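In what follows, chain A forms one complex with chain B and a second complex with chain C.
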Partner chain A sequence: MSWKKALIPLACVPLIILLAYGFRTDPKAIPSPLVEKAAPGFRIAIYDGDDLFLAGLKGKPVVLNFWASWCYPACYEEAPLLEATWRKYKEQGLMMVGVDIQDKEANAREFMGRFGFTFPNGPDPGSKISIDYGVYGVPETFFIDRQGRITYKHVGGLTAELMEEQVRAILKER
Partner chain B sequence: MISTLGGFTLFLALGVTLYAAAAAVLGARQGREDWLASSRNAVLAHFCLVTLAIFLLEYALVTSDFSLRYVVNTSTRGSLTRYKIAGLWGSLEGSILLWEWLQSLMAALVVARYSDRGPSGCRQLMPYVQAVLQGISVFFLLLMTFAVNPFARIFPIPPDGRGLNPLLEVTDMLVHPLLLYSGYVGFSVPYAFAMAALITGRPTEEWLRITRRWTVVAWLFLTGGIFYGGWWSYRTLGWGGYWAWDPVENASFMPWLTGTAFIHSVMIQERKRMLRVWNLVLVTLTFSLVIFGTFLTRSGILGSVHAFADGPVGVMFLAFLALVLLFSFGLVAYRSDQLKGHGELDSIVSRESAFLLNNLVLVGICFTVFLGTIFPLLSEAIRGNKISVGMPYFNKVSVPLGMALLLLMGIGPLIAWGRASLNNLQRNFLKPILGAVAGTAVLYALGMRHVEALAAFAFCFFVIGTIIFEFVVATRTRARTMGESFLTAFGTLLLKSRRRYGGLIVHLGVVIAIVGIAVSSIYKVEREQTLRSGESLAVGRYSVRFDGMEAGERPTHILVWANLMAFRDGKPLRELTPGQRFYPNQQSPFASVDARYHWNEDLYVILSSFERDGSSATIKVIINPMISWIWIGGVVILLGVLVAVLPERRLALLTIRAKAQVA
Partner chain C sequence: MGLHRRRPGRPGGTATRRRGRWALALLACLSLLMPLTILAEAPSPPKAEAGSSSPDMDDRVRDVASELRCVVCQNLSVADSPSDLAKEMRNLIRELLQQGKSREEIKAYFVSRYGEFVLLEPPKRGFNLLVWGLPFAALLVGAGGVYLVAKRWTERGHQAAPPLDPAYAERVRRELKEREGPSGS
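Up next, the complex of A and B:
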């Protein structure tokens, strides 16, 4: 068989390579259009606390986490990391806010008690904040820098490394 | 117990299948008849073993044996027996087993049919046909042995299963997957014969003649599966449509397009000995697209509502697809010297060129659908951003191409072979064209102004005109020359040239379906509104009054429904009760559509949302004119194919009975 003839079957190779490339991508990972943009403002009624405004946090880097007590196991796995990160960095000016979505208050309180949450958390009646942030499921986490821009969005449970890296990034910027 | 037995059966089947393939090739190479006979027996044994595996899995499903992971995933104790049975194709592992069973059945049928009889040349081809078919089975058996074992255990044994996806718990799901899979598997027969023809160096017209009927039957199953899928989607999913250009729908549509092209282009090869390479390419493409489609659904590389799962399955499918493509096109290249056709086009104005154009259009549509389907992948690979193309893209490209196809459907069957004279054109097409013009003018006079609709109708009238014209002229000629009555002449005509007239009936069915598609998509009306008890929503001639909410427990779910009263022109029509089904294991509710289905117009209602106290509900009303014509067209296509493929004797018997009844 001459090399010219071999070209006929070889013409299929690019297609196969393209399909193989498909394994490296995740069709569900849709980049958020909010990254690099100003974080949508919100007001949240903190459980056992006052109302909190995003605008009032200007100048502070913020970790904004969306969770729910029914989100098992991802939110349960992530919760200790959230609390630990909060304790570690709050002295350096980090702010962490938890938005509890589509939840019952009793269940939410049990969840917060179980993991000893000390950072402010509040419900999202009518899912207003979730809609503004394009939240698709829980958990999702947004990292907001001192200028109030979203620098990174993570879907699903966070790992300690990723959390560390992203928190340092928003803390560093002046 | 069943797990061990089932796993062992599949493993044994794998061994037997490998043996069958090897024995066939060895027997053919060394001219050993005993080896060939042994291979044929192994093919049959393979079928028996896979049948046993199916029985084992069904037994586990029906008896709710929750020690099998698969049973847990696809049924619950409370499921109706028929849905327990349907669990076989409710998830990945079982559907692969079903596929492999159909594959083994097909191989057994081929062996039984052609082992000692069959057309000349069949004997030389058969060993390799067996080898190719068994090779395909080897892949599926390997898949089940190493990646998706339907007999895998689960521990600890749960008290109850998770159950089938509620969308699949409808009677349509008992039929649609079976039809579709039979179609998919059916195309492996012409493919195997084509490969055998290439391997043995006899790539002439033989394999086409042998497989013609197999191809048409496979096409029928695939067509039926696609139509039935649309029917299911329309009645079950509750969005008022039947086709969304979802990757998996496209996956079934692409082999249909190339398969349709193949059915037409073989006619040119049979008559003119042209297009040998083209036909081999088409049959290979069709089979590859079947595998490609399955790969898409099972690998999870594209987001789709149908997607099953991911894991090693995707990689194995891709490897198999690569093997099929390289092997088939490698063979075509290897034998290319023998594939030089004989004929040439005599004239552009001829049936050959009409068929060729039809092929180009079909493959063109296939290519655009393919491009649209893998576009998210392409754009991510090349530009790094994810862009998927939706309905507008597919509709924009497929509508004009579909129109062209429609026109060719009218021209192809009537235009002369070789070179059509002006006389031939005038004789065959003048009346249909006049009919189309007149029909379209009537619609215009009746107030239709939509350009696309008018164009679609003009073309449809033209095609129907050619079909009626052909039937009338041929029947009249026969009645006159043979001195028969009009009815007898018509019957014998159908019998004598079944392939031609069956084909025309299929065309008629396609036109009817196209009318349904065009009218229902252009003239669809939908409105959505929140109603308080006693309030009405008016849509066109219809209005719907909301009379409150109700709820009730069903064996597997809780059903909440709205009581609606539908009126047409102010007169009560009937009650409608669209609802939502709430399943304990599912996060969101499932629609329960209600509709008044009618031959010329469907009134389709969906309960979008409701207040928990039952005081108000949001109702969506869709009027789908002539959508039933799509399903009617499907039935006509079925009849046409039956005319074309039923054995002569069977049909003769039917007509004799019909005559007896008339007399």
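Up next, the complex of A and C:
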């Protein structure tokens, strides 16, 4: 009869494993299927500039950031880091592109002026680029290597350490 | 002939007119309140977007959108969400349908961008099978348990009483006799 008694705790084992898996998983962390894949091509009309094509940046590592002026505070906290990273690494060939989503142009310009953005930024009418990159919130940042492959996606505001680490990684790859 | 028309010059016409004015005033007040009640209502499912071609196309868009999760909402489909992103997604679905893409192709496109998370109903394969299979497995195990317990109970009811120890039976008989003896005499 002892094996029958052992059945009760044994039956709990799969349940515990399932719960352990469930509790260790962050339901908000949704892995992007685009990581390690070719970055979807796009064309963006840069504010006060020409159209920019991702295909035209081939051979350059790219930091692609999705932001909006209404995204407070995360985008406001992250903006100075974007500009500083761009200034620090542009001579080494880094490209930074900002995609302004679901925004009003006047508000977007005010935002860019406030943080002195000098890297190219443009709107995303119809959220075409955002949907093509599987964006579900702002800010989100994609790191694209010289081969045009997405190496990393970050959801939420970037920290200086993470930015440095990811930029160095895409700059290093040849 | 169920309609009653007000006859001009009828006696009591002023009173009717007064009532009519009151009714008009009441109607005006109600119409002023209407926007407030509309604002207070829960957001209704989004209407067809600008540039919609036909009711048939609206249905097809809704059909595909209802299987996709609004990625910025909590448990809402792209069809039901009033969010801007869901609206853009519906527009994109419409464009893709107009390009001749099938429902499966459109769903596959969204999965390739957002992962399987974007599907409201997880596909029946791999780890997801647990979600589909566990409730039925639990139901089966539960039913089996109930059957076993019920079977044990009924068997116990039919069991014959264990044989009585002869010495004990003899003692009971003797004591009963002793009790009955004095009262019976």
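Please note the rule applied: the second predicted complex is superposed on the first by the 149 of 174 C-alpha atoms of A that agree within 3 Å, B and C clash if a C-alpha of one lies under 4 Å from a C-alpha of the other, contacts with A are read in each partner's own complex, and residues count from 1 in each chain.
By our rule, contacts are C-beta pairs under 8 Å (C-beta built on N, C-alpha and C of every residue); 3 or more make two chains touch, one makes a residue touch a chain.
What you see is a predicted model, and the numbers here were worked out from it, not measured in a lab.
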item: Touched partner set for A:Y136, first chain B, second chain C, both or neither; value: second
item: Touching partner for A:K128 - first (chain B), second (chain C), both, neither; value: second
item: First (chain B), second (chain C), both or neither touched by A:A20; value: first
item: Contacts of A:P9 with chain B and chain C, given as first, second, both or neither; value: first
item: Contacts of A:Q102 with chain B and chain C, given as first, second, both or neither; value: second
item: First, second, both or neither for A:P31, with chain B first and chain C second; value: both
item: Residues of chain A contacting chain B in one complex and chain C in the other; value: 18, 30-31
item: Chain A partner contacts - residues on chain B that touch it in the complex; value: 295, 299-303, 314-315, 318, 321-322, 325-330, 332-334, 336, 374, 376-378, 380-381, 385-386
item: Residues of chain A touching chain C in the complex; value: 18, 30-34, 40, 102, 126-128, 130-134, 136-137
item: Chain A partner contacts - residues on chain C that touch it in the complex; value: 71-72, 84-85, 88-89, 91-92, 111-115, 117, 130
item: Chain B partner contacts - residues on chain A that touch it in the complex; value: 1, 5-9, 11-12, 15-16, 18-23, 25, 27-28, 30-31
